[in-house]
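Next, two complexes with chain A in common: one pairs it with chain B, the other with chain C.
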Partner chain A sequence: MKNEIKTSLGGKTIALLAQSIINGLITGSIYALVASGYSLIYSTNNFMHFAHGISVVAAGYMVYWLFSLVGIPFYVTCIITVILSAIFGLAMYRLIYLPLQKKGASNVILLIASIGILTFFQNVIQIAFGSGVKLVGYIEVSKGITFAGVTMTLLQIVILIISLIIFILLYQFMQKTKTGRNMRAVSNNSELASIVGINHIRISDISFLIGSALAGVAGILVALEQNLSPFMGTNLMIKGFTGAVIGGINYVPGSIVGSFLLGMAENLGILVLPSGYKDAIAFSMLFLFLLFKPNGILGKKEGRFDK
Partner chain B sequence: MRTFKVVIVMLVIMGLLLTAGCADTEETTEDTESDMIVVGIMGPYTGGAAEYGNAAKDGAMLAFNEANLSNVEVVTEDTKSETKEAATAMNKMVSVDNVQAVVGDLISAATLAAAPIAEQNQVVLISPASTSTDVSTAGDYIFRTIPGDDGQGIFAAQTLSDAGYTKLALLYTNDQYGNGLATIITDEFTELGGEIVADETYEAGSSDMRTQLTKIKDAEPEALFIVSNTPDSSVALLRQVTEIGIDADVYGSEGLKVASILELGDSVEGVTITSVSPESEEFKQKYMEEYGVEPPAFAAQAYDGATAIIMAIEGGATTGEEIKDALYEMEFDGASGHIKFDENGDVAGGYVLVEVQDGAFVTLEE
Partner chain C sequence: MIISAYQTHIFILIFIYIILAVSLNLALGYTGLLNLGHVAFFGIGAYTSALLAIEGLPYIAAVIIAGLFASVFGYLLVKATDKLKGDYMAMATLGFSFVVYSLLLNLRDITRGAMGIPGIPKPSILGLTIRTNDQYLIFVMAVCAISVFIMYRMVNSPFGKLLEANRDNAVNLRVLGKNTFALKYKAMMTSAFFAGVSGSLYAHYITFIDPTSFYIAELILILTIVIVGGLASIKGSIVATIVIIYVPEMLKMLELPASVLGPVRQALYAMILIAILMIRPRGIFGKVDLE
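For the complex of A and B:
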């Protein structure tokens, strides 16, 4: 009976497939929101900002604090959260990374510093809010909308739409504005960029501001869609990083595509494989890409002279 | 550069202040003399299972503070909900603190990682929460104040079968606890004439089980049994059960009995949990007086584990070996029920059903 359902090509299996694709898209959009900010910062600064994960978590807790505890209207909370996230990111760069860079710290030192920041703030959040799971509770949990056999909640549809809008805006910004072009120039060849007079620190400031604002948006959506616990940042960061590597860590659109691919691969993979292999699928992909295509699907080779 | 230094100094000071602020309940520090008996408490105080870990620590500390033994020093170690951290913590407590007995760990895999080290160094290890069947055979020095999964698995399968379900779906955490309990339920439920129509796992701490739940929905079970030991996953998957629209009645192991899931409101109404018999009223009162909240899961078991060690020390035991021998002899009515360790260091214990009704856990009468 069980096997019949699995092997037949009846309506049931197609619905299962369609639902899994949607599940993959939802998962992917959250990974992509984390990965886009992360890869934006990576591409212009060339070091692993693992504390990006804590920007996401801090934003989530900010929503919980301002909206659920203080009682500030939700939309105002969102605006404050995004602004504070951007400032938080900039502060991390200005107060920790930049002074280290000025002392001649290598990228490995900066990576260690970023893990230090991540751990530190995870513990600060645990002390401030406790180790328990927190729910924002803006949207009541209810059954999603079913359309053509596929069930999705309104929030998930909103998340997909918001991510798409953000990614389009981000792309336009990177392609069309002067700052965006300068950022791409720095990411392409930072030495050459500084020779032609692009101020690297200013570009880094902007990348941390925008990247962390994106983390703020991700944090708000994660807080609504999942729930909050102080140590969720590590997990989000690992998946965001994996998505970014698959798509091309030094190229923002690449990391977005990679994240969606990762979400799809995980969710479609466990339709065939036992569900215990979900993380194994993600990390197998990470290793294969690191070994055979370290620049990812759409990533560019560093220092390549483009156009 | 100066601002950087100022910030670093500020962060360090903040860190010290914050840790000092929460350290006051953690240790009953006495002068360390040669005749001091050092007792450890270890568990996940950070990470996905932190909510349980802190409750267990509070429960155990309550017992030590009450007993206030002048020759006992208590040390605590955070095992961060990770197996390797449990081994590290155990090693540290054995070699640096020279502990004789330890209350911990909670997660079965972590307890099993610490067990060989405890056994080898003749240190008693009493887990308040690890229910994996493997803990029974982990060694002479390994005890627990919570009954093993055999009991719960059989109780769960029987309950589900008695309720008339014939098609059951299982969703469980992919670790020692989840796999162990799922195997027992599968065997027992099949023997009782039922069928397992879906068998899905997830990684502890993950928060996306949509595709697993999609597969479960597709299998059309009458009931879904969830085995979870991390609150963040419990909340996430219960939310997704509702969102995906699974019609089956939802059951779960005692890991679901955590205050956070009640915040999901109406969607968790009617969720039924198999749980070890509730803590005594007396303990409940004491715990609420001390910490201002109802005792979460495993607090009473940790209190009993600590009580057992205290009783052994009061009886004159000073080394791990003497404490171990005393434990096999003792028998008392603890906060979590009657405590008498069998030859495997296990307790018998009983089970009840707890249902979420009007946003609270209500114990169903037999």
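For the complex of A and C:
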């Protein structure tokens, strides 16, 4: 494939590859924000919270509503959005998942319920805001900074820096705080964790709060970078989920790495395929990883196979 | 005619969805295959049949090839996901429907991508062309009756008992020397075949298809039908199809603007799905839980 690019594009190859990798990092950082929250929730609860995608979209629309329509200052909007996202996630856990779990519902039931939640709120958003795309436009997108043949907009640099800061904070939290250690304990061995007195429901509450707050941050960045539309949640969720599966769904740092890899694979892939294939690349990677490497490249070796 | 044109339309949809729901129940309810990719078979059937008919193939050939083509994918899906457990199997089959969706969207030379395929011809059987919706209603009724009858005979046969045994305790069945993989792929291929047939009926009735008809919204609809009706109950799926297709039609009485009618209906389906899972996860006539 590399040879093909070289023959068709000659000397520009390196710059083009570099640009694709940079674009991949930026796309990847949004996927990674979605994936990290998702896999934080997965690792402590052990079920697939597919409705995580709607937390991202709801946050995006919250920014549009509070900042663009109501006129609340941008930074205040961001704080409100992240707090409301966290509460929204907790509400999903407490009002839907926990009652289902108490009735002994299987993981598949929880997964189907979460697809139902995702669909429900996507349609509610469409009823409330209409199907047309919405623009927030707080930071000018058009201005680009070119360095060594690679162009980045100010917004893209901001996205990359903010997500890196958040990943470092998240890592510190998981490693250094007592709550973070308890969460890792539950994710490693929930039975043992409950024997030593860790309250599983409290840990689940916290994982939904933090995971959904991360979705809120992702939603803010998505609202700044892309046009908002009600049904973007499904796609974002699949991408975040794919990133998580590639890196290791039950291991947060793995899912972050996986998401960056996915972003780069998509952007390098469309050098040789038509740009419409971006989603097809991601979906195929998801399917192949689920089949052949369901623990991902960095995930813990737990039995994902039925033996 | 005794019934109005609008009711004819609803009845046609009901018969198409009965085939789709009963075929999903065959895999999900009777055999315990956690297949969230059933919409993909529906879509594969619809596209195959539409494209072949446009190429001039007789309808009978188009619909049978559509079913067979879908069942080939059914075999491959079971083969690929056989060793995955519970929710991973569900996610992988869901992933399969995403792959099919994005291929329908991107293989533009074949599927025309997002533009969809217009002008799908109405079926013509043994020289008789179906022109009116009343005729189409009789036609789908007949196909539905035959399909449901075949699946009904299948689940009530000794083979059907083996399928249920595989769902309830696959290990014991293997101890008895049964090839559970063969059971699973036979059930999935039959399920996919009839999903393909219903896709064909759908495509030739609406006469226009595009990839969005075979995605999450549609998946929610058939999952809702099968779970509301109850797993491992053909009667349940039939009753639930009628209820689930009919109930949202009452929304028309609220005289909502046309732009919100679609989303309101979708939100209602999703709400019914969550509610039934929380209140009565076995559905109306269900015999087993979703494990």
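One rule holds in what follows: the second predicted complex is superposed on the first by the 282 of 307 C-alpha atoms of A that agree within 3 Å, B and C clash if a C-alpha of one lies under 4 Å from a C-alpha of the other, contacts with A are read in each partner's own complex, and residues count from 1 in each chain.
Convention: a residue touches a chain if its C-beta (ideal position, glycine included) is under 8 Å from a C-beta of that chain, and two chains touch if they have at least 3 such contacts.
The model shown is predicted, which means the values in this text are computed figures rather than measured ones.
**Student:** In the superposed model built on chain A, check whether chain B and chain C fit or clash.
**Tutor:** Aligned through their shared chain, the two binders clash on chain A.
**Student:** Based on the superposed arrangement, let me know which partner A:192 touches: chain B (first), chain C (second), both, or neither?
**Tutor:** Touch status of A:192: no partner.
**Student:** Quick one: is A:14 in contact with chain B, with chain C, with both, or with neither? Answer first, second, both or neither.
**Tutor:** Neither: A:14 stays clear of chain B and chain C.
**Student:** Taking the superposition on A as described, I'd like to know which of chain B and chain C A:69 touches: first, second, both or neither.
**Tutor:** Once the two structures are laid over each other on A, A:69 reaches no partner at all.
**Student:** Can A:108 be said to touch chain B (first), chain C (second), both, or neither?
**Tutor:** second
**Student:** Check the residue A:274 against both partner chains and state whether it touches chain B (first), chain C (second), both, or neither.
**Tutor:** Touch partners of A:274: chain B and chain C.
**Student:** Just to be sure I read the superposition right, which of the two partners does A:283 touch: chain B = first, chain C = second, or both, or neither?
**Tutor:** second
**Student:** Examine A:154 and indicate which partner it touches, taking first as chain B and second as chain C; both and neither are also allowed.
**Tutor:** A:154: touches no partner chain.
**Student:** One more residue to check, A:168. First (chain B), second (chain C), both or neither?
**Tutor:** In the superposition, A:168 contacts neither chain B nor chain C.
**Student:** For A:48, decide between first (touching chain B), second (touching chain C), both and neither.
**Tutor:** The second partner, chain C, only.
**Student:** With chain A superposed, which of the segments 59-67, 113-121 or 311-319 in chain B collides sterically with chain C?
**Tutor:** Clashes occur only in 113-121.
**Student:** Name the residues of chain A shared by its contacts with chain B and its contacts with chain C.
**Tutor:** Correct list for chain A: 96, 99, 103, 120, 123-124, 126-127, 131, 230, 274, 276, 279.
**Student:** Spell out the residues on chain A that touch chain C in their complex, using ranges where they run on.
**Tutor:** 47-48, 96, 99-100, 103, 105-113, 115-120, 123-124, 126-127, 130-131, 230, 234, 238, 241, 274, 276-277, 279-280, 283-284, 286-287, 290-291, 294, 303-307
**Student:** Which residues of chain B touch chain A once you look at their complex with the stated criterion?
**Tutor:** Residues 1, 3-4, 7, 11, 14-15, 18, 21-22, 45-48, 50-51, 53-54, 174, 197, 200-203, 205-208, 210-212, 214-215, 218-219, 231-232, 234-236, 239, 242-245, 258-260, 263-267.
**Student:** Under the stated contact criterion, what part of chain C meets chain A in this complex?
**Tutor:** Listed in rising order, the residues are 34, 36, 80-81, 83-92, 94-96, 98-99, 101-103, 105-106, 108, 113, 216-217, 219-220, 223, 227, 259-260, 263-264, 266-267, 269-271, 273-274, 277-278, 281, 289-291.
**Student:** Over in the complex, which chain A residues touch chain B? Could you list them?
**Tutor:** Per the touch definition, chain A meets chain B at residues 2, 5, 12, 15-16, 19-20, 23-24, 26-27, 95-96, 99, 102-103, 120, 122-124, 126-127, 131-135, 137, 140-144, 146, 151, 153, 226-227, 229-232, 235, 266-267, 270-271, 274-276, 278-279.
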